[in-house]
Structure formats: structure tokens, C-alpha cells
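Heads up, the thing below is written out as C-alpha cells.
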Amino acid sequence: MQPDLLPGHRAASVLHNLRLSSPLVHCMTNDVVQNFTANVLLAIGASPAMVIEAEEAAQFSPVADSLLINIGTLTAERSRAMLAAIHAANDSSTPWVLDPVAVGGLSFRTQFARDILSLRPAAIRGNASEILVLAGDAAGGRGVDSTSDSSSALPAALHLAQLTGAIVAVTGELDYVTDGVNSWAVAGGDILMTRVVGTGCALSAVVAACCSLSGSRLDNVAAACRFMKFAGRRAIAAGRGPGSFSPAFLDALYLLNEEALA
Amino acid sequence: MQPDLLPGHRAASVLHNLRLSSPLVHCMTNDVVQNFTANVLLAIGASPAMVIEAEEAAQFSPVADSLLINIGTLTAERSRAMLAAIHAANDSSTPWVLDPVAVGGLSFRTQFARDILSLRPAAIRGNASEILVLAGDAAGGRGVDSTSDSSSALPAALHLAQLTGAIVAVTGELDYVTDGVNSWAVAGGDILMTRVVGTGCALSAVVAACCSLSGSRLDNVAAACRFMKFAGRRAIAAGRGPGSFSPAFLDALYLLNEEALA
Amino acid sequence: MQPDLLPGHRAASVLHNLRLSSPLVHCMTNDVVQNFTANVLLAIGASPAMVIEAEEAAQFSPVADSLLINIGTLTAERSRAMLAAIHAANDSSTPWVLDPVAVGGLSFRTQFARDILSLRPAAIRGNASEILVLAGDAAGGRGVDSTSDSSSALPAALHLAQLTGAIVAVTGELDYVTDGVNSWAVAGGDILMTRVVGTGCALSAVVAACCSLSGSRLDNVAAACRFMKFAGRRAIAAGRGPGSFSPAFLDALYLLNEEALA
């Protein structure tokens, strides 16, 4: 059964809460998207901080409102720092979010992602290939792009949510967000967004920001997806290609308001 | 007593020198702002080089015109390379500049920043929280953003300048730049610039570029602040949010001229 | 003797092949240009993946269509991962490309670049100073910028191509591309592109993408140079400085078509 679309008023309400609380997001993310991720969080009204040394990461995640773990350019040293941050986050009830970039064909990150699945992520955000791999249903995509569409991974997303207790978001042209029982769909993706690096990674950071908010975590994660799709549409309408997309996208996130979402 | 505003003709004269000498700035900076920092230096007419391996960093800082040390994503390995570069810089009279990002609550970087304060930085550029911590007057902000305004840190800046011999710039909506005796104020900050990652970090790189110039170092550092505020104003007038700010800001730095500053 | 300009119809034919095959490029590149490099590859129709941990890098380069090795921010750990990736690439006949950033004055990278020259790179892309150093004719530039113009390095490029079997591209206002016997020139460079960080590094990534294509590798590499110069011209015409250049450049790469090139 196809999930319903997230109602606009629910997204609007989450945006209201996000702007009120301006969550501090501890980002442990990949080398490629650091700057874009930080700018996306700032544009939408959250506050990013990239703290990566193991001792500092464990000090910082309890102070932050949420923690993002993105394994796109994982190394042995970073995996140790991420583990320290996750354990400290769990000890202080800071929610943490997993972005399992390119999990599947690459052994080191795949083992790491499987290991930390048991550490109670608040949410997992990936493309169809990544969610299929984590749910144990497939062997992975080619590189960082999905070889499947998001609807094909909806059963895997449900399974993964039940397995881990996380909200699972499988994103693509349509996004699906589920807690293992209830689900939302979010529409509005565009092929142009796959020609800009880091849109998925930055979405995971916004998911992390929204996981710190009160209210339904399922709604909060779905709303994060909705913010990005909505701003993406605006940016595509304003721009002429993937270069002009990025500035227009950040502007659109900054100018995003409850009325437009509702 | 409130310091006077830096006169426009002094800023213009520093810009003239900067464009003439096109200083080569050895940047050891954080992961998030590498690209923006390099582009800011190139736009204003300096030349960036990011050399990070310990042996190479010690070879390079004597060749460079100045060295930037930014601890935003410090690791143990990077701290060793930075120390090697600072010592080599001091041995060859290359001025070096400290940006003490998020110093205070995070132990590793705080200890490192305190340790290198005795190594004769030419300048220190931070927000109010960071300068208060370095001067020993406070315990730090929350994450990378300041929890105080810059005027509250002016006494700490004076104290820190006297303590270290560095020019100290405490920046925010208003910037204050002091050598411990004489001070300038620089106006023109805007809240939108806090919604773009790396504007402070990039300013520190421009401070490093200006520290290589002849003439009054106090004027040179204050002029660096003035360049960024002036270009920021232009960019805000031209743009529609934090996304369009960045391209417009780089264009404004590139088009900056002595007449407009004077 | 001055090489002929690459004919437009040859560049158009390479673009046709590039868009058809959408090569997956394994990028091991420097910290400063990761994001821009990925966006350039995506804009032109290739697919980037930055995989840097040694074990994963050796797993990934055989799966990728080509491998880029850029030594701009080389460290000991990265050099080990790069070696693992190069050997795995060679074992599986994945072509790999060397960008010898700032080779010459800095010992660690210079030794590394000399060492891997014997590992059969498919192509080498550098500025005049870098190519002169690798060919054994000079001691290097100052920082990352060339102190020579590209025509002065044409004999060195021929020599380096004969020495290594690689296609050698020496780039600047005019680019020269040679297999050691035959050569092409590519016109259209502009001084503004030297005020934007990473244009050369991103070109090397496009060279890597084109090295995976069938047909003459000499033509393929020269076409990569042509794409970047062509899009650069369009972006300069559309923009107002180095800030507006980058978005306009990515748009121009995305909109690049065979008719315009021919």
C-alpha cells in the first residue's frame, strides 16, 4: 500500500519548532559535503558544528542537540571517533542519525554500518540501494548512486525500522519515511538534484536537526524531507542548471516559511 | 572608551599593498572552509596554499608570506603538523595567525590553543566567546558561535594582546582590533553573514595575508576586517539570502577598490 | 613547432561518448577541491565517488571506470591508500590519472610523484612548473601556481609522455596535450580562472573521466581540456567575477552540447 503524502500543515508545524529551537547539530560527515552541509543547516535555521577528534567528539555530542554520522569518506581513525561520539550521545540521550553512504560493495564501511545499527540510531536516511543493503535484502549499488528506485525499497525500509527502532527514510524522486508501522510519502524530487553533490547528505543533517525536536519523530523526519524537496523545487524554477541550483537552494531554505509549506 | 573607526584611506592603502605583493598564505585550516577560504584569498588578490603533512608544512611556511592556524577540525596529527609549521615560521620570521575556533568547552583544542599562545602569533582573530576564553576570562561558547557580543570582549582583547604581543581582532557585528594600547573599530557586520559558514575563518586568512604587509600591523589587520565587512555589505545588497551571498561576496572582494574604501 | 588546435568535431564526439557511458570516477583528491570536483563531474555527466580508506580504495578502483590521484594535500596515510588504489587499478586495467599539484619544492609529494610515475599513469595533467619538474627539467614553482607559461613546458611534456607512456596535458592560457609524438593545442583560457580554486584539479578529474572512453586517448584528454575552456568562456561571459563564475561554470558544463563544440 502506498503511504499518504505528509500533510503540509504538519511540515509547517515542524518548521515552526525548528526555527524556535535552532538545534545544534554535531556533524561527523564526509569530506566532500562539509561546507554544503553546514550551509544547509545554517540556511534553514539550525546550527552546525563539525567536531571530529575522538576525545572532543565524545565531549561534544552530549552538548549538541543531535549527532549526524555519515560514512561517505570513512577511515579507521574516523570510525573510532564516530563510535566514541555515538556512545556519548546515547549516554546523554542525544539522538543520532545514520547516513550509510555507498554501503554494500565496500567492506570497511559496510561492516561499520552493520555494527552501529545495534546502537539505537534515531533515524536512518539513505537511497534505495543503501536501505536494501542495511535491511539485508541486497548487495549494494555502484558507487554512491542508487540503482533502484525508492518504492522498491519501501518493504526493506519497514523491515529496517522494525529491526532497529529507527525512523527510516528512503529517498529519491519520491521519499518514504516509516517507523515500521506508519509511513509518509514526500513528493517533489527532481533529476537535477542528482547532479548536485551532497543534497542527500545535507538532507541527513536536516533529519538530524529535526530528530532533536519534540513531537512525533516520524513527522519530524518526514518534514525534513519535505523542506528539502520544497526548496529544491523553488531552486530549480529559479536556476539554469546544477551550478545556479546551489545558491538558489540555500536562499530557498532560508526563505522557507510555514505558509508556503501548509 | 569606544575605539575610533578605521579611516577609509588607511584601509585603501592596505588594499593597495595587498594587491601589489599578492602574498602567499600557507593555510592550515579546518575541513569545512578550505574551499571558501582559498576562494576568498584568490578573489582579494592573495595566493592560498594548503599544505598539511608535517614535513611539508615545515618546509613550506618559511617560503610562504604568512601562515594561518585554524583549529576548527583539529586532530592529533594535524596539531603536530601545525606545531612544526609554526616553529619553522618563527625561525624564518614568517608571521602566523591563530583562529581559535570554538575554544573553551572542547579540551583538546583548548589545551593546544593555550600552548601555542606562547609561540608569538602575529595576530589572533576570534569571536567574543573565543577571545574571552583565551584571555582567561570565560569558559567558552556553545559550539562555534559566540554567546557574547564583541564589545563585551574588548577588555579581554586588550589583555590578550598585551599578554601575547599579537594584534587581537574580536569580530562580530562590530569588530575591534587592538595591539593592547591602540585600537580600531570596524563597522558593517550583518546577521546574514552568520548564516554562511566560514566568513570568520576566511577573514582570519585575509588577516594572515595582511600580516605579511609592511606598515602598521594594527592597521593591516583592521583593514582585513574592513575589506570583509565592505564586501559583505555589497553582497547582501546584491543577493537574496545566504546562498546568493557567497558568489556575490567573492565578486565584491574581487571588485573591491581603493576609491570605494576611501 | 606549434601543435594544431583540436578540431571541434573531435571534442564533440568525445562529449557524445562521455554522456553515453557516464563513467564512474574514483577521486582521491585534495581537501580543498572535493566538492567542486564532484560537482564538475556531475555537471558534465560523469559520476564521482571519493573513496579514501586504503582497503576500500583498493576494492573500489577496479569497479570504477577510472581513478584520479591528486597530491594537493598528500599525507603519509593518504599516500598509502593511493598506492593501494593504483596497484588495484593497474591489476584490473582501470586507467589512472596523476595531478602532481605543487610538485617540486615540497619533498614528500615530490618523492611520491616520482615514485608513482613508473606505475603507468594513463595521463598526467599539470601546469607548466609541475610538468617541468616531473620531466626533470626544473625545481618547481612557488606554491600551487605555475611560474612558467605552458608553451615553455611543451618540450618537457613531450619528454614526460615518452618517458611514462602517459598522455601529458600541460595547461594554462593555452593547453598542450601530447602522447610524445602527436600533440594538440586547446585555446580559450582566461586569467579569471586562476582566481577560482580547483579549476585545474577539476580538469584532471574530467581528464580521468575521458580516459575511460574508447577511441584515441590523446583526443579524449584534449577534449577534456576543451570542455573546460569552452564552459569557462561561457561562464566568464555570464558572470561578474570569480564568485559568480563557479555557478555559471557548472551550468555551462551541464548545458554543453555537441553542436556548440563542433
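Should a chain be cited, it is by its letter among A, B and C, assigned in written order, with residues numbered from 1 in that chain.
The rule we apply is simple: a residue touches a chain if its C-beta (ideal position, glycine included) is under 8 Å from a C-beta of that chain, and two chains touch if they have at least 3 such contacts.
Quantities reported herein were computed from a predicted structural model and do not represent experimental measurements.
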Grouping of chains that still touch (sans chain B): one piece
Interface residue identity across copies chain A, chain B - same or different by half: different
Cα-superposition angle relating the copies chain C and chain B, to nearest 5°: 120
Inter-chain centre distance, chain A versus chain B - centres from mean C-alpha coordinates, in Å: 33
Multi-partner residues of chain B (each touching 2 or more other chains): 31, 34-35, 246-247
Chain A-facing residues of chain C, complex: 24, 31, 34-35, 38-39, 42-43, 47-53, 55-56, 59-60, 63-64, 77, 246-255
Chain A to chain C touching residues, read off their complex: 30-36, 72-76, 102, 105-109, 142-145, 194-198, 239-244, 246-247
